[in-house]
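Pasting a structure here, questions to come.
Note that the chains take the letters A, B, C, D, E and F in the order they are written out, and that residue 1 is the start of every chain.
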Amino acid sequence: METKKTPTRIEGLDEILGGGFPAGHVVLVSGLPGTMKSTLTYAVLHNNAVHRHTKSVYVTLEQSRTSLLAQMGTMGFDTEGVRGDLHVLDVGAIQKGIGKSATKPWIEFLHRSLTTAKEIDGVDLVVIDSLEALEVLARFEDRRTDLFQLFEWLRDLGATTLVLTEASPEASFFGLEAPPPRKDETFLADGIVELKMHPITDVEVQRRIRVVKMRGSNHKTGFYALVFEDGRFQVTSVISL
Amino acid sequence: METKKTPTRIEGLDEILGGGFPAGHVVLVSGLPGTMKSTLTYAVLHNNAVHRHTKSVYVTLEQSRTSLLAQMGTMGFDTEGVRGDLHVLDVGAIQKGIGKSATKPWIEFLHRSLTTAKEIDGVDLVVIDSLEALEVLARFEDRRTDLFQLFEWLRDLGATTLVLTEASPEASFFGLEAPPPRKDETFLADGIVELKMHPITDVEVQRRIRVVKMRGSNHKTGFYALVFEDGRFQVTSVISL
Amino acid sequence: METKKTPTRIEGLDEILGGGFPAGHVVLVSGLPGTMKSTLTYAVLHNNAVHRHTKSVYVTLEQSRTSLLAQMGTMGFDTEGVRGDLHVLDVGAIQKGIGKSATKPWIEFLHRSLTTAKEIDGVDLVVIDSLEALEVLARFEDRRTDLFQLFEWLRDLGATTLVLTEASPEASFFGLEAPPPRKDETFLADGIVELKMHPITDVEVQRRIRVVKMRGSNHKTGFYALVFEDGRFQVTSVISL
Amino acid sequence: METKKTPTRIEGLDEILGGGFPAGHVVLVSGLPGTMKSTLTYAVLHNNAVHRHTKSVYVTLEQSRTSLLAQMGTMGFDTEGVRGDLHVLDVGAIQKGIGKSATKPWIEFLHRSLTTAKEIDGVDLVVIDSLEALEVLARFEDRRTDLFQLFEWLRDLGATTLVLTEASPEASFFGLEAPPPRKDETFLADGIVELKMHPITDVEVQRRIRVVKMRGSNHKTGFYALVFEDGRFQVTSVISL
Amino acid sequence: METKKTPTRIEGLDEILGGGFPAGHVVLVSGLPGTMKSTLTYAVLHNNAVHRHTKSVYVTLEQSRTSLLAQMGTMGFDTEGVRGDLHVLDVGAIQKGIGKSATKPWIEFLHRSLTTAKEIDGVDLVVIDSLEALEVLARFEDRRTDLFQLFEWLRDLGATTLVLTEASPEASFFGLEAPPPRKDETFLADGIVELKMHPITDVEVQRRIRVVKMRGSNHKTGFYALVFEDGRFQVTSVISL
Amino acid sequence: METKKTPTRIEGLDEILGGGFPAGHVVLVSGLPGTMKSTLTYAVLHNNAVHRHTKSVYVTLEQSRTSLLAQMGTMGFDTEGVRGDLHVLDVGAIQKGIGKSATKPWIEFLHRSLTTAKEIDGVDLVVIDSLEALEVLARFEDRRTDLFQLFEWLRDLGATTLVLTEASPEASFFGLEAPPPRKDETFLADGIVELKMHPITDVEVQRRIRVVKMRGSNHKTGFYALVFEDGRFQVTSVISL
């Protein structure tokens, strides 16, 4: 019996994942600033929109919709061409709509927006950029319980969800890595993909990717190079130092 | 005088454990996300169900019963075939049954469920996946005392219990290891088995297993490779680097 | 589609940035004491004033306007010559103007000053020196939320803003680096430029610069030498050790 | 003038201790889970019971009397044969006897039990397994002061007391060592014996023992191998790596 | 345009500083116990008194005036000979004069004393030994704000001020260094000079000095040896290990 | 001008100290458990009693007078022979005399005892064993201020005082060292002597001593071996590894 997989359509990544993300999973994509979390996950949505017209929602919490689309345009993506399938949800806009004092309503509004989108169009892929910004906006009172409930309703949504975070799933090991792990999200998530800048020398760094955990998948466990050139990502083997 | 042992029936592991887990012990299985804690302990229950029709309960707190069974199916286990002996207890379902506000009742309900199962069918093996999720759900007020009581009634249950946790029993030593130990569970447990991803190079990692502590057992003390291929685990020696 | 860029006109730096800072971005410039954060960012404003009469405001929070101008004069900049375009805003003076008890009013006054400057002259570049001093003066009550709002209005201002900070975006890696990162500003910022003193031997250190993150830019990711001689900065490759 | 010594009768250990534990001392035996603290200290009591009919009490706080005796039986000790001299005090049993709400009374009961045993039979050796469990049960309010009083009355008892603890007296040094020291017990104790698992390679570990501190003794200061085979401990030199 | 400099008249140090301390700056002199912070800064005052009759005040907060003068006499300084120019302010004496309950008055008294001295004699150099002792005596309520105000009035005083502190401006790097930095004083200070004991081998250590930061100065950035012989300091190059 | 020195009369140590401890100084003697702080400082008092009939008080806070004297007897000191000059003050006895509830009175009683001893016999040397025990007994409310006052009255006492502590004046560097420094006592003390166990290999350790800080002394700065044989200490050079 095989779980249905949502392919990333990133060259080399689906093979490492064991076919893609298991459909319906909530997956953390973790990495320090500058590891291209936003661009990589946007690329997954973009690729699926181009190839299959997969419906998706990119929830942008750190910057405006305009800014995100401009950024992705600069990186070489045809944001206009996928407009019908890849929906960018601007949370700042939501927030203005429902008033600043709205706390609980905010997360409920997000919930309702995603559920409605799901019901009308069908939504197969969701990106939440980022968990840190979500915490600021939703003003978690009891982080652990609030996270638990968030992950629960993301899972209930039925879409495959990628949650971006700067926290690392592991203690620091090879150089330019992320701060100590925050356990709550790592055990709540169905999968974890780690992005990092690996120091090749004291001046050169290399983007790397590793599938840390993926429930129900026979994924690879090592580190791979993540290359971005001419608007396209590629995941390749690296020769060990 | 020899304590009765519950074999894992994982190739190579029982020899390291000194014959298996001492019957009735509460054993921590610790490791970071992605170290296959769930799959390994499910395999122990599955193997015992297949070979001896040993009755067991897998308490799943991080994902639903359906999701866990799908995951194990994907990993190559015949979950249907052991249905009569290996019972998966879905805590989400429990929780909905007894209401959200129920705090103490929740852990009492779990207690009652396990005790009842024990009385009717006999339960020889229990997995609790995971201690972290249990803390969220049971809302420990005084962690140390609540843990003490939990371990007491798990021990009173009479079954051999495997408690999954992301915390490590040791300070970080070889690379990709777990966060600092939390002493309470390590001294309360009768045994500790540690799983880790050991970095062979800066790109390759290897799954490893070590029996840290096992009361009343003449267990091996070193690290061994944990290999998972074609739906089967194997524990083997590793050549030191 | 390319985002408009604000060049630094520092030799070698614009190439690494992929053409300059994306216009309108809020960029952290981080580094320990002595890494020349103030001088480097003043140079960016100075260069743009000299070459293009770009209007800019340097908000000095750690020292007085007189002291900053004297410092920059000593470093070789013709501060008088750019007076019409590069405005140094002395926050001590502001503070005396609006009274010591003024807390909220302070940040509102700063906001108003910058907005007014923007409306009258047009302001294309802003330096805030430093985030740490800003925190002391503005007496943040809820750091995370206050930072979020600060970054929001800096972004609304429309100018490219450089925010100086001693915090590092990364865990310590090569020797003389900055303290552990403070996540809030790193995920709120559109870009991060890191300055550091790299120990070549146990007695020699070298100034280095790295573009850690720059939304919407195809920037270089490695470390470069930052040389300051005869009043001019230069960014060059370094031979790895 | 020589202090009277209580020999351990463990091969090789008394020589390192400078003849044994000074009589009447309170000695910490520290080590991470799996370092055989319980078995080693039980062996000291057992050896003294066999050779000299020395009266001793092993206070078991982490597991029941039955479980401890089963464990020691499995390890090869003739627990029945020393029954008349080596008394295992089951604290769970005490606790049930005096009720759950009893807090202070618990430690007073323990005090009274030990004092009575001392008065009737004479008690020359006491093991408290472990300090961590003692803290849970006795619910220390002011840890430092409560510890101070505990060590005072242990010293007043007149017996040589071994207190088991997972805390290390030293900062982590060679790999698989214990968490940071907790100063209170280390300065209150008259002696400290450290047990650890020393990593020989990245897969092999070796049990080691070191006498950290022993007031009034000319003890050895280095690390020694601690070997357990065929139910007997042996302390031997190790060839340095 | 060059800022006026206050030379240290320590052999080799002024060259590294780029001519001395910029006049009017507040400079941290940081280093662990035993790095000769007091003696070095006393030497700066002493040298300037001898060569130029520069008026200076050494505020001693950790020991009495008598004790400090005795210490400096032992180190080879002619404390009597510079009495007219180098004034040692004994804070213990101040404190007794204004009563123990005086908190705010204390720092105001210090302020007044220094201001008065400045007005009557002119004071060009001030040493405050140390920031840590100052914190104990002045009982800072809001450390960050109180420090900010302290540095403000030190700067208003117009003298060049050296503030001694045990805190390091950098994360630990080469062995025997200071504890993690406390950011507030490092960004408030106009300059930072670091003293340390550098381990040459596991038994030998060497005194070293580094100018970490000096606003408005083209200072050297590396480490230099600090030698004290026959009552004279000398700063020299070190051959890298 | 030379400060009067109190020699230790430990072979090799006075030379390193630059003649001994400056008379009247308060000196920290720091080291982890097992570094022989008590025995070394007792030896200083004992040597001075034997050679010069120097009056001294050893304040024992961690163990009883009887126990300390027994310990020193075992180590080879003729405790009876120096009875008239070396007074051991048993704080447990004091405490019983003034009642358990006495908090402030306790430290006042100690103060009065030492002052009285000083006035009657003259006291030239005091050992306080240890600072940690003192904190438990005196129940410091505001540690920093209470320490400040303690060091003030110790200095007022006029005797040379050695205060034993487990805290290290430095960050961990070579292996088996002490926990992070606690700054308050290090800057309040006039001198610091550090004792440590240095790991020669992974099994052998060597006692070492270093004079970290000694106001008014031209002391050596490196590490030396501290050997204890046949009841005598010796401080010698070590060949670096």
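Heads up, the rule we're going with is that contacts are C-beta pairs under 8 Å (C-beta built on N, C-alpha and C of every residue); 3 or more make two chains touch, one makes a residue touch a chain.
Only a predicted model underlies this, so the values are computations on that prediction, with no experimental measurement involved.
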- Query: Count of steps on the shortest touching-chain route from chain A to chain D?
  - Reply: 2
- Message: Please report the minimal path length, in steps, between chain C and chain F on the chain touch graph.
- Response: 2
- Message: Keeping to the contact definition above, tell me which chains border both chain D and chain F.
- Response: none
- Item | From chain F, the most remote chain by mean C-alpha position | A
- Could you check if the interface between copies chain B and chain D is built from the same residues on both sides, meaning over half shared, or from different ones? different
- Query: When the Cα trace of chain E is superposed on that of chain F, what is the rotation angle, expressed as a multiple of 5 degrees?
  - Reply: 60
- Starting from the mean Cα coordinates of chain B and chain C, work out the distance between those two points in Å. 51
- Note: chain E sits from chain C at a C-alpha centroid distance in Å of 30
- Which chain C residues touch at least two other chains? none
- Chain contact graph, described as a line, ring, star, complete graph or other shape: ring
- Message: Once the touching pairs are worked out, the chains link into a ring; list them from chain D, going toward chain F first.
- Response: D, F, E, C, A, B
- Task: Under the touch definition given earlier, write down the residues of chain E that touch chain F in their complex.
- Result: 32-34, 38, 62-63, 67, 70-71, 73-75, 130, 132-133, 135-136, 139, 166, 172, 175-179, 197, 199, 201-205, 207, 228
- In the complex, go through chain B and note every residue touching chain D. 1-3, 22, 144-145, 148, 169-171, 173-174, 180-181, 183-184, 186-190, 192, 198, 208, 211-218, 221-224, 237-238, 240-241
